[in-house]
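Order of writing sets the chain letters: A, B, C and D. Residues in each chain are counted from 1.
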Amino acid sequence: MSADPGRTRRVFFREAICRAVGETLDAEPNAIVMGQDVGAFGGSYKEFYGLFERFGPARVRDTPVAEAAMVGLGVGAAAAGLRTLVSITYMDFVLLALDPLVNYAAKARFKTGGQIRVPMVVKLTAGAKGQGVAHSQSLESWLVSVPGLRVVAPSNVADAYGLMRSALQADGPVVYVDHKRLFPTSGALDDSVHEVPFGLAAVCRPGRHASIVTHSYMVCVALAACDQLAVSGIDCEVIDLRSLAPLDLATVCTSVSKTGALLTLEEGQVVCGIGAEIACQVQARLGPVRVMRLGAVPAPVSSNPVLEAATLPNAARVADAVRRLLMEG
Amino acid sequence: MSADPGRTRRVFFREAICRAVGETLDAEPNAIVMGQDVGAFGGSYKEFYGLFERFGPARVRDTPVAEAAMVGLGVGAAAAGLRTLVSITYMDFVLLALDPLVNYAAKARFKTGGQIRVPMVVKLTAGAKGQGVAHSQSLESWLVSVPGLRVVAPSNVADAYGLMRSALQADGPVVYVDHKRLFPTSGALDDSVHEVPFGLAAVCRPGRHASIVTHSYMVCVALAACDQLAVSGIDCEVIDLRSLAPLDLATVCTSVSKTGALLTLEEGQVVCGIGAEIACQVQARLGPVRVMRLGAVPAPVSSNPVLEAATLPNAARVADAVRRLLMEG
Amino acid sequence: MTASNDIDALAAMLLVRELESALSAREDCGFQLLSSGQEAVAVGVAAALLAQDQLLCSGRSIAPALARGLDPGRVMAELIGRASGPCLGRGGRGHLSQPSAGFFGAHAVVAGNLSIAAGVALALQARLDRSIAVCLFGDGACGAGALHETMNIAALWQLPLLLVCDNNLYSVSTPRAAALAPQRLSDLAAPFGIKACTVDGMDVRSVRGAAVALTDHVRSGGGPAFLECVSRRFASHSTSARETRGQQELAADRELDPITRLEKALLLEGALSTQTALGLREQVRARVTAACAFAEASPLPVPDEAFADVG
Amino acid sequence: MTASNDIDALAAMLLVRELESALSAREDCGFQLLSSGQEAVAVGVAAALLAQDQLLCSGRSIAPALARGLDPGRVMAELIGRASGPCLGRGGRGHLSQPSAGFFGAHAVVAGNLSIAAGVALALQARLDRSIAVCLFGDGACGAGALHETMNIAALWQLPLLLVCDNNLYSVSTPRAAALAPQRLSDLAAPFGIKACTVDGMDVRSVRGAAVALTDHVRSGGGPAFLECVSRRFASHSTSARETRGQQELAADRELDPITRLEKALLLEGALSTQTALGLREQVRARVTAACAFAEASPLPVPDEAFADVG
């Protein structure tokens, strides 16, 4: 894609990521990408397609299946002067790489008295799409609780681009969470080079009766639920957090003060989840409001279509939760 | 220790653990213990002292420094018929072993349609005691959110014994969390063989004005805070959760309905923490109550005594939080 | 090895090939990881196992499951998500399992089953019935630290564990040479004093011969062993993955087809007649048709099962 | 190597020994991981490094830090938690670091620094100034999968990385033979085609000789190398850990003292006089006294620093 500011094109989610990464590799000679099948193959979702041809094997590096070392190398390289993007196909496999990420990267700047910084992005694909118990988890809440890590999770093409741009400019480790079900989506992206700053949520749909606070693919689910609810005259506001750490509490609170009702929605587990944190922070600031949390049921996510569907939030469940929330009040 | 039911002795925390493990090894010929320096050395805190001599190297196994394989072997052995206890010195290092624990053990029973069960205990030592950024973390909230894992965390000698007994009888994976600062403590333990069931919290101190809900070493901190508060006429109830998954919401709610004020206290991070979960569940059941959460500040925990102390909850901070909580109301 | 073993092997390989082609013709089962081309590895290894042994494998698990003797109908049911699968349709692709049949099962995390298999071996060692655990994994798993940790402990504890690397020369799109430094993957076993060898994974007789020798070694208390089988996968990484290899490479690979190879050899050796060969294919096709019918007649699980057996 | 190198090495080893004994006499600094007995490894390796190289190590980091030329006063300050340490007293024991001095630093997770060091090597490789990364780790780390993953990638990518295993024969209480199957730990490098050797880690000249040869290899683009140094630790695992070895073993270990050994050799060879030797010890003692004074004069960090540099 050659730039043509002002012009807007329809692009796939993967193209938005690819453009942001490509621009960074162009602008920063010391930036590199590492991951399984990110080279000639172009990434599991083609989200790195063409980068290998443009920047060569030294800067777009295929790695062995060794998530721990991939992140460890990314951390070390970033700490020693390269800007690194490490791609891990599924979020489940970051479990193999938490030692370098949490025990080293997140703490390096603090523990060295500011001598070392780790400008690294770890890109993880969360969510379920028929891939079974060890390829479907959404573990954002874990990473959000680690001091020193920033966590972002786009729900659409523009944010996929803008958040990746920001992530690749950060001076500390960033976890960039995308989602299997977002890759088939497309959306408008203008040709200007622009960042989406961290810590800024977006109001994707204004509404009066309840605030649905969510992120990543669940934004699409929330919007679909709003359509269903609108039919029965219920008008919900949808807040897309975009950045989970730092969290934009102000935007959430503005919405909840207006609607008086909060539904938190996430694809991961509810227990100790993002929703719990938001519910607590909102109430600490606003006082008691009607709150409900929705997320996966407490069970593994099977690849079985019947069971997967039974496990995860969908538009009907979200709509139902909103109705119950409003009835309670 | 030879049994003498009815008789009560004062034992150290480590002795309580050791007795429960020893009794299990005695009763179950297919039970084994694995871990670094658990053999002749008897464990980092002597919590396995004497077992190697009693049960030999095939059942009390020293392992290499390979946390991932240690847990993987523990899982496989448990799934194939042994009862295994895997000891990982510090909770920080479980980050190396989350793949077998979360991606396999927690899901095995579900994914095999009940064919495989994993009667394994993973013992982890949490908390800070001057050991620095990568040896001081309390990550219970992560494990609590994994469907299929049970998580317990004793705060005293009797529970250390009774929860270990229960853990070693469970038919699925259990994470047993002890704490560096509990090892020097001692307490009364009677000679009877008895379990502390999962999912049952304890009221350690009755009180009227506020409920402090906590676990592990923070129970001691909470009790010390209560002593300080009592001087100024504030009378707090302390709930020791003991079992974090399953959670005993009933006991917590009974207490909070009585006092009307809830302080959640944990040594780990507040964000997406145990406290957030409890606050949400309590309010979902009881409606709005005064709530405050206290935990570590959002920063790594240095080994530096000044900084470590600045990072963690202590009695003064707990007392202060209770005062603020009650003032708000 | 006798000719009857060879004919069993041929039938087993045909069964895998036939079931997989029935499977890939379906559109209702998501993507699948096929073993086509690599049948000789699972079949050759399984031929060396006894009933009390346990086989574990990677997500590429159809050949291992069938080679271990699981019922094709139930395997098919599991793969298409039906309740009569051994895992009640919950495990599905990548997580086939039936320990009662000596198939502890698949685990879809690359290298994730290695230490689990060592644990199974530890449990079997305690049994003293000379049973062993066998873990099949891909070349991709050889880049993972799990292999190192597992080999070290297995060697130290002399575990009855046979590690079998089904080296199909690729991890998704990444050629083995771009991902793994060792000359031969079986060289990885050497530092640990683990007995190892590399064989042609397209020749079921070679695989079986080596598997018999190494299982004997493991079974008799000699400690773990490592077998590398160099194979070729005929399809792309999964039924939904892009193919990256050129036509020429794929054609050359097909020349090595382990089924044709064994069949030709048996015909040449007079151990098989064209007639019998055709009959065998017919039988296998009938088994697969029956398996598909069985699977399709089986219901999907009910949604409430999403909560079952979590504890 | 010239005698002046030897005398520098002697001084460097004495500095470690002396600073550590001053440290262990204190009661205000928590437990510490001492290098006493193992000085020759860090000193011998550091002698082969250039200013632009980066050294990383395990939690047993006092000898590596001092050998790399960090100021003893600042090192002491860091170890006793004072603000004038290079990490401002926040890293402390197990996390010493000063990248500007070529000491990327310590990391207290066993094997945790291996892949980090490979990443540093990757960054250095891009620089084209022939600088290299060196990672020191214990025998304990050789059981961890991180070593395997790191060696494989380092070999594949021909990273300028020297791996140095300071094999003191124990991981806490566990004898190396009970934790690690390989005959020699340097054998672990062989499958990856990584140049490797094992030397007597109690002889600083042997260490230095091997380190020079291997750093030359790495520096000239030959890819990674692996050096095993067999050493003895004189104290227990940490200043708070129980000693598990018998008096006899400890006494035999002390016979191998790398400091006495080098000193004796130099006296014998006439490269050092008793006078100069005594003078050297005097100088070192004075440096350590000054270092302690500097450290003690430094303030503790203020509590608010608990929040600093987290982002």
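Rule of thumb we're sticking to: a residue touches a chain if its C-beta (ideal position, glycine included) is under 8 Å from a C-beta of that chain, and two chains touch if they have at least 3 such contacts.
Everything numeric here is computed off the predicted structure, so don't read it as measured data.
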Intersection of the contact lists for subunit A and subunit C: B, D
Most remote chain, CA-based centroid, reference being subunit B: C
Distance from the mean Cα position of subunit C to that of subunit B, given in whole angstrom: 41
Between subunit A and subunit B, centroid-to-centroid distance (C-alpha), Å: 31
Interchain centroid distance [CA atoms averaged], subunit C/subunit D, Å: 46
Where subunit D touches two or more other chains, by residue: 89-91, 95, 107, 109, 112, 143-146, 149, 152-153, 156, 178-180, 310
Residue numbers of subunit B (touch at least two other chains): 63-64, 66, 68-69, 92-93, 99, 103-104, 110-111, 132-134, 147-148, 298-300, 302
Arrangement of touching chains [line / ring / star / complete / other]: complete
Residue ranges of subunit A touching subunit C (in the complex, touch as defined): 36-37, 39-41, 44, 62-66, 68-69, 92-93, 130-135, 297-300, 302-307, 309-311
Subunit B partner contacts - residues on subunit A that touch it in the complex: 68, 92-93, 95-96, 98-99, 102-104, 106-107, 110-111, 132-134, 141-142, 144-148, 245, 268-269, 271-277, 279-280, 283-284, 287-288, 291-293, 298-300, 302
Contacting residues of subunit A [partner subunit D, same complex]: 30, 58, 61, 63-64, 66, 68-69, 71-82, 84, 99-100, 103-104, 109-116, 147-148, 171-172
Complex interface listing, subunit C residues touching subunit B: 54, 85-91, 95, 97-100, 104-105, 107, 109, 112, 114-124, 126-127, 133, 145-146, 149-150, 152-153, 156-157, 308-311
Parts of subunit C lying in touch with subunit A, wherever the complex brings them together: 30-31, 81, 89-95, 107-112, 140-145, 171-174, 178-180, 242, 244, 300-307, 310
